[in-house]
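These notes open a run of structures that come right after.
Both of the next two complexes hold chain A, though its partner changes from chain B to chain C.
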Partner chain A sequence: MTEDKQNETPQNHKHSDSAEPENDGKLPWQERAIPIEQAASDAEQPKPYSTKIHVTEEQKTNTLLLEEIIRSEGVAPRAPRKTRISQISTLRIAIALALIIAMIWMTVFDLPEFTFPAVLPETRYIHQVLQTTPPNAPILLSFDYEPGFAGEMDPGATAILSQLLSSNAYLMFVTTNPIGVAVTERVLSLTSENISFQMGDPTQYVNAGYIPGGPTGLYSLATSIRSTLPQSVNGDPIWQQPALEDVHSISDFYSIIVITDSPDTGRAWIEQVGPQLGHTPLLIVASAKTEPILRPYYEAKPKQVQGLMFGLRGAAATENITGISNHASNYWNSFSLTVIVASVILLVGGLVSAISAASKLDT
Partner chain B sequence: MSLVNNISTDLLGVIVGLILTLCIFSYIFGDNVLFRLGINIFIGVTAGYIAVVIWHSVILPQLIGPISTWDGSITNFVKLIIPLILSILLLLKIFPRLSSFGSPVMAFIVGAGAATIVGGAVVGTFLPQITASINLFDPQIQNSSSELIWLLIIESSFILIATLSTLIYFHFSARPNSRGSPKRAALIETIAGIGRFFIAVTFGALFAGVLLASISAFVERWDFIISVFLSIFHL
Partner chain C sequence: MVNLSAKQILLISITAVTGIVILSGYFIDDPVLINLRAIILQWTIILAAVALLVGVINLISVHFSKVITRKRSSIYSLVILVSFFITLIVGALYGPTNHLSLWIFNYVQLPIETSLLGITAVILILAAIRMLNRRPNTLSIIFLFVAVIIMVGTVSIPWLEPSLLAEARDWILRIPVTGGARGIIIGIALGTIATGLRVLMGADRPYEN
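Let's turn to the complex of A and B:
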């Protein structure tokens, strides 16, 4: 601004100010002008701005992570290295060997002999219902377990089926699992080894087969059984059988028995079918793994499930009170010894793990 | 007679069963070809069997059969044609360009399924279990029981404490403490600790059940293997 004024001075004021007297060689307007030295010293220096980016540690980490993700997108993942048998931990083999030796020991020496388990009230109730079943009473039996659990479920299923066939009840088989159709045939075949009955005899039982839809299918079964199950797996009409003529709803059955390895399936039967049953008892034969989930339905007051039988233990107890010795009785000694061996392995493993953790803490 | 005729179906089943069982047990030595072979055979056979069962038990008797024997009734025609159209629309899901036609059907299935499950859970589990928890302290029910009354009261109280403490364990509301980090109230924290104990016991019981189920399957399979070998060597 000062320079502008200096520049315009001679041109703008040359003629107009020429009449005024001179003062120390300075023109009058120069008295009011700021000296150039002072103006230069008063001017502020521009603030220096850094061109560097200030990044926090977290931002740096996130950036690196993003770069890593983007880089990994273009790189083909490395195939997992094939492990050779020699490199595998011997621990797994040792545990398997311990369990197998226990099994072989029991098969060869059959010692020690374990006592059969006590019959629990919920299992005894099933036995009582089956014992008091009149001839030709219609009973609905559902085989809802996977073949993988046949080792645990078959003994219980055969124990129940043996009693039912002995009492001459009329059986109707269903399943909510497509594989259950084959499971039903397998259990019938296993039971025929101990109880004499005619396989495929429509006067003794009918296999109504698969109910699709899971819980929705069960709701349909509970509310309109005749339209849900129009025919048997062989294509024969179901409801013309004399024993089923009076069955118009699910509550017309003498009892409902569900054999399942899944807590969800057991719960679906209780939730969808249970409320429609009235006085018809709902009995469940289930895997040992379902006990913590299904037991509250039995313990509830009023009971939502009237009878329960869990795993090989329940099957062995049932065979013991019925006197029909079958698979559960055969497996009971081997099962008991293997459970003891497995428990010892778990206990030792837990102790070793605790000690090693404590020693790591010390160091 | 040929060798094939001499081998009975049962014996063939036993041999196939033995080989497949050993294939699965080979997992003891880690993931290997035999184990994968066994698994793939099981998956393939299961898928094929399910397809056959669904065709014979569902599609044929409940859709195609009634259509082929239609009696001329308009009501029955509507009852049959709606599932048929919905089935065809659902089948379009396998074609990427036409899959959107199947979406409403899928939505209907999911919606109806969810409604059934939720309704069943409320009527079959939620309300009865709440009623059962209340009934634990009903003097009339306690008097009708054959058990000792004081034992019932202790048992009921124990169940009540377990139920409440487990529910409180999942109460995650917290206030910031002096250092600014969230912390539950001391009383809630104490009860939640008791709830954690009951949850741990539940998981322990579930694990024990799974272990027993697995050992049952293990025993049955090894009993089968040993009996086959014993019969082969006539022992």
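Let's turn to the complex of A and C:
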């Protein structure tokens, strides 16, 4: 088509101009137009271009990688298949089984026999006070522990209560725990298995019930006992009992005994009631976990608490020196073996854990 | 200068006067002051008992609304409500020392709480073991060894020298533990004094929350 345009010379134009267009039957511009047949024969097919892209191997790899990344975004990762019991659960069950087997072993075979622990001076003092308690001496006892700690606290509580009931002291029970009334009744019931006394006899004891308000309630008890405790849990008047007629302040009691599983409750008794006691001894029977917090009050000079007895160890030592064999003596062997098994598990497990951690660090 | 409303001034005045009356009871042996202090303490005890009751009512209303709206795990709320009303009815009709109340205590509450503590013992042993895996450092090793000495020192092993571990345990409890605990107790006391003074002076007003 381009060549045709170039071939158009001025002579051709002249010739066409001189001819009569009416005769030829063609319009002047039609002569310059390219005939359709010639245009069709001269038309070339478009050059074929390849749709394939020439890429290098590295580009291919990167493309595949990108495709894989994009594809993986739309697919939720498969959760690791859970085994029915994981490793931790197995270890947990193994530890529980080891402890249970140790307890059952001692219950069935009762071997080896563990010796009773030595009596510490702070525990011996409690025993001395209880031994010298005259008949009908008023004693204030507070049961301030949660039922969950009954396994540890009941032996100590029954050991103390057995001695007090044996000496015919007059007991007044209080509690700063809402469930303490039930705990008191339980301990009385347990003690009655070994010591003969009449449950609910108002000439032997009175249950004055719950003191609300925490440390404030204790301070009120220490400063005005009669108005804080007007009546017993059964609604009976407390202060008409002959043994309590002479009790007008908290220092008129022969001794105050607190049985608690909580370091805070122990502290509240020492700090709120202790300063009002004068020469009346404050004795605390507590869970072994409270020892770090309560011991400084005993080690202080002057002592802010006169006697301490901690956990099953203290209860077993007390039963050993009193000769009244009760719950602590029964539990002592099982407790000892279980503690040793727990210690061995701790040591061996700790060693394995440390080695495993060290090997992880190396890799 | 802090701008206080009339209500705030009234509240601060009540708090300060009450606190000063109670505090002065420790230092001044005056019968009027002692009686006043006794009355205020009685009010506090009654309010504490009422607060306990309010707490129980709040707990019940929360679980009641869960049951009504049939929220997830509302079955547990239903169990709480049923247990609460049974215990309440038995306690109200027969008293807290009756054998029925004690049956609920001995055969429901006590076994549940004791079992939970038993599980805690297993979990604590496992946690102590895993501690060395997660944090294998000197302090963890010391922690584990001290725990073992305290535990084994509590009992007397028949085939071992009985006094050795027991003496180690007693030394740990008497010297480092007592020293540390004394520091904590003194810290608590100083914090309590500071808080008390701030409340007395109206700098802290917890009753406004």
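As a convention for this text, the second predicted complex is superposed on the first by the 275 of 363 C-alpha atoms of A that agree within 3 Å, B and C clash if a C-alpha of one lies under 4 Å from a C-alpha of the other, contacts with A are read in each partner's own complex, and residues count from 1 in each chain.
The definition used in the following text is that a residue touches a chain if its C-beta (ideal position, glycine included) is under 8 Å from a C-beta of that chain, and two chains touch if they have at least 3 such contacts.
If you're wondering where the values come from, they're calculated on a predicted model, not measured in any experiment.
Trainee: Could you look at A:Ala182 and tell me whether it touches chain B, chain C, both or neither (first, second, both, neither)?
Mentor: After superposing on A, A:Ala182 lies in contact with both chain B and chain C.
Trainee: Who does A:Ala358 touch here: chain B (first), chain C (second), both, or neither?
Mentor: It touches chain C, and chain B stays clear.
Trainee: Of the two partner chains, chain B (first) and chain C (second), which one does A:Gln272 touch, if any: first, second, both, or neither?
Mentor: After superposing on A, A:Gln272 lies in contact with chain B but is clear of chain C.
Trainee: For A:Leu347, decide between first (touching chain B), second (touching chain C), both and neither.
Mentor: second
Trainee: Could you tell me if A:Val55 is touching chain B, chain C, both of them or neither one (first, second, both, neither)?
Mentor: Neither partner.
Trainee: I'd like to know which partner A:Leu66 touches here: chain B for first, chain C for second, both or neither.
Mentor: A:Leu66 sits against neither chain B nor chain C.
Trainee: Name the contact category of A:Thr223: first (chain B only), second (chain C only), both, or neither.
Mentor: Touch status of A:Thr223: second partner only.
Trainee: Tell me the contact category for A:Phe149 with respect to chain B and chain C: first, second, both or neither.
Mentor: It touches chain B and chain C both.
Trainee: On the A-aligned overlay, A:Met103 touches which partner chain: chain B = first, chain C = second, or both, or neither?
Mentor: In the superposition, A:Met103 contacts chain B only.
Trainee: Pick out the shared contact residues on chain A: the ones touching chain B in one complex and chain C in the other.
Mentor: Overlap of chain B and chain C footprints on chain A: residues 88, 92, 96, 99, 148-151, 178-179, 181-182, 212-214, 216, 219, 233, 267, 288, 291-293, 296, 299, 311, 313, 335, 339, 342.
Trainee: Inside the complex, what are the residues of chain C that reach chain A?
Mentor: 25, 34, 37-38, 41-42, 44-45, 48-49, 52, 95-97, 101-102, 105-106, 109-110, 113-114, 116-117, 121-123, 125-126, 128-134, 136, 141, 144, 147-148, 151-152, 154-159, 162, 166, 173-174, 177-178, 180-182, 184-185
Trainee: Note which residues of chain A are touching chain B in the complex, please.
Mentor: Of all residues in chain A, those touching chain B are 83, 85, 88, 92-93, 96, 99-100, 103-104, 107, 148-152, 154, 178-179, 181-182, 209-210, 212-216, 219, 230-231, 233, 235, 261, 267-268, 270-272, 274-275, 287-293, 296, 299-302, 304, 311-313, 327, 330-331, 334-335, 338-339, 342.
Trainee: Going by the contact rule at the top, pick out the chain B residues touching chain A in the complex.
Mentor: My answer: residues 28-31, 46, 49-50, 53-54, 56-58, 61-62, 112-113, 116-117, 120-121, 123-125, 128-129, 131-132, 135-136, 138, 141, 202, 205-206, 208-213, 215-223, 226, 230.
Trainee: For chain A, which residues count as touching chain C in their complex?
Mentor: By the definition above, chain A touches chain C via 88, 91-92, 95-96, 99, 112-118, 146-151, 178-179, 181-182, 185-186, 189, 200, 207, 211-214, 216-217, 219-220, 223-224, 227-228, 233-234, 267, 288, 291-293, 295-296, 299, 311, 313, 335-336, 339-340, 342-343, 345-347, 349-350, 352-354, 356-358, 361.
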